[in-house]
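Both of the next two complexes hold chain A, though its partner changes from chain B to chain C.
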Partner chain A sequence: MILYVWKTQQLGIKTFEHLYMVFITLIIVIVIGISIGIFIYKKQNLSNIILNFLNVIETVPELALLVILIPLFGIGIKPTLVASVLYSILPIARNTYVGLTNVDFQYIEIARAIGLSDKEILWKVRIPLALPLLAAGIRIAIVFTMGVVTLGGLIAAGGLGGPIQTGIHLYDKNIILVTGLWIGILAVLLDSIGNFFETLLRKRYGQ
Partner chain B sequence: MNNIFVAIGEHLLLAYSALFVAIGLAIPLAVISLYNRYLASTLLLLANLAQAIPSFAVVAIVVPLLGIGFKPAIFAIILRIILPLFKNTYIGLKNIDYTYLDSAKGIGLNEREILLYVRFPNAYPAIFAGVKFAAVIANSVAIITSLIGAGGLGEFIYEGLSNLNMTKVLKGAIPAIIIAVLLDIGFTFIENKFTLER
Partner chain C sequence: MAISKKLFNKIDCVKIEKVTKKYGHTIAVNQVSLEIRGGELLILLGPSGCGKTTLLRTINRLVEIDEGRILINGKDNRDFDPVILRKNIGYVIQQIGLFPHMTVRENIGLVPKLEGWSEAQITQKVKELLEIVSLPPEKFINRRPKELSGGQQQRIGLARAMVMDPSLLLMDEPFGALDPILRKQLQEEFIKIKERLNRTIIFVTHDIEEAFRLGDRIAILKEGKLIQLAKKNELLVNPADDFIADIVDSKKKFKHLENLTASDIMIPLDKKYFFTSDSSTDSVIEGMVREDIELGIIMQSEKFLGYVKLQDLYQKNDKNLKHFIKQSMVFKPLDSIALALSMMKEKNEFIAIVADEKPIGVLLGNEILSRLI
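Right after this comes the complex of A and B.
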């Protein structure tokens, strides 16, 4: 049954499409998220406004955000990527910001004492010490992105959401079950990989 | 189905009946877990794994088990939010300053009284954060469950998508977004009041 569904629904290709979208989103969102995080670290009076705004995006139902982008971006991969990015900016930006600001004052004092400039302190002290939190943020972003990309199947973005929609329309329990469980396993697997890197960084820059 | 207000009503009924049932299940579960380490670690592990699973997959997996319609949709939402609710409640109840417990025991409170008068009041902020988080998720899953025939705002979105009627899609999506934002503002307001009093 599993093999049959796997073949007829082309789950191999769909998985590839799915992971491709997740990967692209992550690259974009890591760049944007870290930039925003560093930006609001430098302009702290803006941090509340920007974080609150990103927080509001987070509360919007995934599917509603996805379809509201259709008039702007059409259907398919584009709105899916935009929605995933919008969703995942907050955890990365917030964690970068919190990681940069919550560095123990001792380290900053020592860095000043040995004569590092503010810029050097940012790059050589604050950013390395913020890495574990950043990794935690990226891990949350992976979870969000998996969620949105799966829904992307409903607006013709490809990926593993498509077979689920097919299964529900045909009321084919095998398709639903195999695809649904496969997405679940995939999500847990990606999360574990994220967890692995987070633990690694936590050990290295123990905070 | 054309009346938007009926759809909003269905949506709210779906999301919030599920939320209340889930709260009603999660809190006793957290209390039992306080006294059963095995149950606690199992549920925490499950909670950490399950939070990675996309909502759409959870909704889908419910279909082969329970079929389609309103009840399976409620079940799917409960399934999605019960573990985060449990986790927050449990951690809130568990992580309490040891000195409070000691003093409570010192003045002769029994386990039940400690739970009611010491642990719960201290856990309110954590429980509340969990409820807020769960409400947001319930609101978003309730849109997805229209695909399995639960009615509500998502129905406009799906019907609009299938015949490419953007007006209809937006008719479903915009109220959903407004509800979400109002929800967040409301919860933040209550939360602030909560923390001020404490």
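Right after this comes the complex of A and C.
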């Protein structure tokens, strides 16, 4: 049954599409998220406004966000990517910001005392010590992105959301079950990889 | 990368003139004037909250002063760029603050790297400094702070402070957080380093014994004010007021010196200091690093054989612990302290063991006491 579903629904190629979208989203969101995190660390008075704004985006239900984006980006991959990016900026930006601001003060103090400039302190001390938290943020983003990309199947983005759609339309329990489980396994796998890196960073950079 | 210039090759004097620092309504440092002479080790001594740390931090401008001025070799320290000023002044603190994400080499070599030194230059300098703080370079250069005991970390902290060859060193209770025996060992070692390097050092402590052991002159502060600045002998003989007399304790504690015994003055030994003579050298090193001590008492069943020092154990790869054992003077708990200390002084021994049936404590050379005897 599993093999049958896998073949008829072309789960191999769908998985590839799915992971491709997740991967693209992550690259974009990591760049944007970290930049926003560093930006609001430098302009602390803006941090509340920006984090609140990202929070508002976060509270819009995923499905609603996808639908809102259709008039702007049409259907397919584009609105799905935009939605996943919007969704995943918050955990990364917030964790970057918290990581940078919460570095144990003794390290900042000694860095100043031995003659590092503010910029050097940011790059040599704050950012490395914020990496474990940043990795945790990326892990959350991975899980979010998996969810949104799956929903993208509803608006013809391809990926593993497609077969689920088909399953629902045909009322075929097997398709839904196999694809659903497969998405679940993928999500857990990706999260474990993230967890592995986070633990590694924590060991290396943990305070 | 611009290479910061060396601001002073030698310190002639650091003049603190009527310096005041306020935090809101609290006055942390109140109209303090004092002069640090080139080449001396000046102690800032006083209870916590007396302003000694704040005063220290005004010198490299970690704290900006409200009134007065600080002249280094005649130049106001506010005329220097703070980042360049701090590169020219070594700084060591109690919490050490080694960066956990960097190896020993990266920690010590951080500022040189930012200054554009070559990798080879950095490695050479780091090795040289590790030798000075008696950590074998090949064993320690690539370790991370987590893999070091507190005493080893503080040695690295000292090496980091010296990496740019600053002619002025600021030290804020560097040995304050260490085990009492280890603290004395490091003080002893520091005295040797200090003589070798011949720097001007300003050293903050609240430990009177440390002040007397290390200082050339001692400045005593209370509630933000300088009470007395004098050579150590003068402080003992001529305390400016009761507060100082109290601090140096010259009245009470040593009045009945002749009645004190070794057990009154010794630092008691607990279980962590004891190792058996059949242990391997590596297991003893591991045990000492774990317990953050650098002195071990070696026993063969119930018999006391001698002591080992962590530094010695690192020096050569020898599995046989017995080759590292040092003999020491042994006193009975009820022996007179005056006798014990004068015998130690005569033999130039820093460590002696106090033992009844088995060792119960350690006597370390005691500056104040031996002066009074």
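Rule of thumb we're sticking to: the second predicted complex is superposed on the first by the 207 of 207 C-alpha atoms of A that agree within 3 Å, B and C clash if a C-alpha of one lies under 4 Å from a C-alpha of the other, contacts with A are read in each partner's own complex, and residues count from 1 in each chain.
Here is the rule we go by: a contact is a pair of C-beta atoms (placed from the backbone, for glycine too) under 8 Å apart; a residue touches a chain by one contact, two chains touch by 3 or more.
Here the structure is a predicted model, which means the values were calculated and not measured.
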Go through the superposed model and pick first if A:Lys173 touches only chain B, second if only chain C, both, or neither. first
Does the superposition put A:Gly161 against chain B (first), chain C (second), both, or neither? first
Could you tell me if A:Leu63 is touching chain B, chain C, both of them or neither one (first, second, both, neither)? first
Comparison of chain B and chain C by chain A residues contacted: B
First (chain B), second (chain C), both or neither: which does A:Leu181 touch? first
Partner chain(s) touched by A:Glu109 [first = chain B, second = chain C, both, neither]: second
Which of the residues in chain A end up touching chain C in this complex? 106-107, 109-117, 120, 124-125, 128-129, 131, 204-207
Residue numbers of chain A touching chain B in their complex, please. 55-56, 58-65, 67-68, 70-71, 143, 146-147, 150-151, 153-155, 161, 164-165, 167-168, 171, 173, 176-177, 179-181, 183-184, 187-188, 190-191
For chain B, which residues count as touching chain A in their complex? 49, 51-58, 60-61, 63-64, 68, 136, 139-140, 142-144, 147-148, 154, 157-158, 160-161, 166, 169-170, 172-174, 176-177, 180-181, 183-184
With touch defined as at the start, can you tell me which chain C residues reach chain A in the complex? 4, 60, 62, 83-88, 91, 93, 95-97, 99-101, 110-111, 114, 160-161, 164
